[in-house]
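There are two complexes below, and they share chain A, which is joined by chain B in the first and by chain C in the second.
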Partner chain A sequence: MADFLSGYSIQYWLESCPQGYLEETEYGHKAGVSESDLILGDDLLREQAIKVTTQMVVGERCALAASSGLINAAPDEAAKRFLATQTLDEARHVEIFTQRLYDLGVGKNDLESTLREHANPNLVKFAEALLEKVEAKDFIPGVVGQNIILEGMAFSVFEMLYAGNQKLNPKFAQTLAGTIADERRHVGFGENYIGALIKEQPEKRPEIEKLQKEMSYYMLATFADQFRDNDARAELETMKKRAVEAGGEESQGTWQGANLAELDPEEMEALLASTVLGEFKTRLGRIGLEYQTPAQP
Partner chain B sequence: MSDPAEVHALDPESFEERVHSFQFWFEAVQGYLVDREYGHRPELPEPELTESERDRLVTVLCNYCVGETAALDGASGLIAVAPNRLTKIFLSTQVVDEGRHLEVFRHRLLALGVEHPEDEIERRASPRLREFRRKLEALVAERDWDAAIFAQNVILEAMEFSTFQMHAGYADPITREVLIGIIKDERRHIGFGENELGRRLKHHPTLRERLQRVRQELDPLVLATLEEALGELQVPRAEREDLGRSYLAAVERLGVRG
Partner chain C sequence: MSAEIAKLPTEPARRKYELFDDTGFDEVPKKYRKFYRRWGGEGDPLAPNEVLCPVCKIVIRSNRELRPGDRVYCMACMARLRVAEGPDGALVGLVEY
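Moving on to the complex of A and B:
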């Protein structure tokens, strides 16, 4: 365990992250780059960008609370040190996505009210399910909920957003690229570290599997709200049309082999849900847990 | 890179936003951690120490690890209690600083030939320092923001700052370089504690009395811990008194008397 954890040292983190892919960035992107004019000049697109970024801030605040809260419960000093790097990664994500809200025109005094107005209630329940375990200092379910479920979801959502923004909004895509690199490290830690702990404490399995099922349901319900709700669906269709007008058919990139510009909202939701759930299944299998199919919202 | 003069010209709200950010931390540590491996230049040769010098250094480093673990658990636990986003983000930078300190001290123990640092830390930890850690943990568990920030970012950090500064003057080149990098972090942590509590003391005058009680409880543990560390480092008695005074002066800057 100790040898494996040396790959997650703070020295490694310093060299790969602040002194690596974040070097010469400001708030996660190259200095001087700004939000795309397409978004800033279109009220609908700007409002939609604020809604999406709100969910990211909510998710990252949850990740910050979870990773910092788990340090005290970590069974060894090496895991504490890894979680220390994760805590600062998550704080950075909170900061850069909050900064994006400011860049999109949210006033500093309006930040909390904007978050309250747009936070998806199902995403809030998703966060509460995880934080209940963290509050109880229940380490193994806490790490699975955080580093496999929450981070696994964020990883796929951010990758899809990255594909959709690479051409249309390079600033946001750059911000996402650094975040994705962080999430990859966090998911890797969860997979590598937790397997051995679960073998030592097999009695924890039912509790963790129940948490996975519950969090997966709230995740799917969040996706459904974003893609299936009538207003959201109409907005998405309009946005896609405007993006194609501005950047052409290839403007939204491809993800998981699909041209995002060609997908309707239901297809996009199905692709995202199946990708994330597929990843959960694979990763949970690697740490010796049986994936539990969630109820469909 | 932020120019300090430019930062101090900001209005109070923008100043807080700037100095409590990841971005500020990132720019600050880039200056003194770049090209360092585990806190020192990798080309520095390992010093030749006598068995007794090595043994005393191991004891001191083991106790530094206890202090840094207390600070890591304390700072991370306080994120959930922090009153706003900026203090949460600042504490996150402190969490990684404390984790780094623990890592570089542990790495130094390995370099000095300690095969199982955790066992050695357990064996050599000062009972007074352990007691301090338990009291700090209790304040964090009670979600007592003011008292816990005072215990952690003023008392513990001032103790570490004073000890590390004194030790750096006597240490071998590798240990000195490790300590100098840590001292720079500690200065930032103390600044946060003083700033945060200074503002709160202005608005809540009764807070001073409560912090005095915390101080009265912790001071004897800190002073005894300092004495033990300086004994191990064989610092002359006159200079030990300077260190005690340096710690007390740092704590009294907030006007919290012992």
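Moving on to the complex of A and C:
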């Protein structure tokens, strides 16, 4: 079952991650690099950066609870060890994105209240749907929810944010690059492990497909809140204008063949949603699960 | 016996490639880094010794030309792939579970 993990070890993780792409970093970025002056000097951009980073901390706290909770439910030793390294990856993500909130001016005593104020309720429901499976020690749905749905979403969202920040905010882009590298291992584990396991337990398919549909809906609702809400929309338009003024048309990079500076909020939401859902469909299809189209929020 | 061998279909020799650890890819242990590189997206063509991992979107590089049926390993995400010919004739990696 865990044959694909035969080459994986804690030693491999050490050589790839702490001694690889994280070497000489602090909180995920090069030492001495700071948040962009453009963001720190503009209240609207700083507030928006706090809101976005809050969702990342919420998502990563969920991933930490899920990966650690799945260790004791894992059916073999190799999977337990992999999930132990993933648990440390997720704890690191919680720490680096929390540090970003501090770098953006959130006081340490205000952290929890800031998270409560800005956490998207649909993202919280997304996390609750997953953690319900983890708490029930329902391993296969738990891994699909965590390593394919949650990590698959994070993979695409982080790549889009990376493209948007590479020129405007190198510090945040560096933090994201290390996180994306971690996500590669996590989605790889999800696909490879479940791809083999689902063949042995096909009766699990309906439950997993129901979870995918539910989590996908809450994900789309989170995107809708971020891009469609009138206040958020106005803020996004203003932010984009200021970013272009500061760095030019090319400053926000390209992602999935689109110049992010040229997209309006609806187009950005549509591109993100279609990319993530397309990836879900492809990944689930590869491991023998039928993608369920979620309701549209 | 030698006449039978002479009748076997011969496969054209594969091109050899010298790989250098110069792509900046640092997501696997040092001695394996030369076998991988980051993919630049749709406008980044693959060489005959390269195939894209569909799971994590990293390019796997071989020191010889790849052909359908070859098996490769993506160390970045642990996927085992079989090389196949895609609809447009380009090589693609199919995951084997």
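In this section, the second predicted complex is superposed on the first by the 293 of 297 C-alpha atoms of A that agree within 3 Å, B and C clash if a C-alpha of one lies under 4 Å from a C-alpha of the other, contacts with A are read in each partner's own complex, and residues count from 1 in each chain.
Basically, a contact is a pair of C-beta atoms (placed from the backbone, for glycine too) under 8 Å apart; a residue touches a chain by one contact, two chains touch by 3 or more.
All of these numbers come straight from a predicted model, not from anything done at the bench.
Bringing the complexes onto one copy of chain A puts chain B beside chain C with no clash.
Of the two partner chains, chain B is the only one that A:Leu64 touches; chain C does not reach it.
Using the contact criterion defined above for the overlaid structures, shared-chain residue A:Val244 touches neither chain B nor chain C, since it reaches no partner. With both structures placed on the common chain, the touch criterion links A:Pro18 to chain B but leaves chain C unconnected. Once the two complexes are laid over each other on the shared chain, residue contacts for A:Phe189 go to chain C alone; chain B is not touched. Rounded in steps of 10, the angle chain B-chain A-chain C defined by Cα centres in the superposition reads 90°. After overlaying the two complexes on the shared chain, residue contacts for A:Lys80 are found with chain B alone; chain C is out of touch. With both structures placed on the common chain, the touch criterion links A:Leu88 to chain B but leaves chain C unconnected.
When the two structures are aligned on the shared chain, A:Ile10 is found in touch with chain B, with no touch to chain C.
Our summary of the superposed model lists a minimum C-alpha distance of 11 Å between chain B and chain C. Shared interface residues of chain A (contacting chain B in one complex, chain C in the other): none.
Remark: chain C residues 26-30, 41-42, 54-56, 58, 73-80, 95, 97 touch chain A in the complex. Within the complex formed with chain A, the chain B residues making contact are 13, 21-23, 26, 29-30, 33-34, 37-38, 69, 72-73, 76-77, 79-80, 85, 88-89, 91-93, 95-96, 98-100, 102-103, 106-107, 118. The touching residues of chain A, when paired with chain C in their complex, are 4-5, 7-8, 12, 15-16, 20-21, 23, 181, 184-185, 187-189, 191-192, 195-196, 199, 256-257, 282-283, 286-287.
Residues 9-11, 13-14, 18-19, 22, 26-27, 64-65, 68-69, 71-72, 76-77, 80-81, 83-85, 87-88, 90-92, 94-95, 98, 108, 111 of chain A are the ones touching chain B in the complex.
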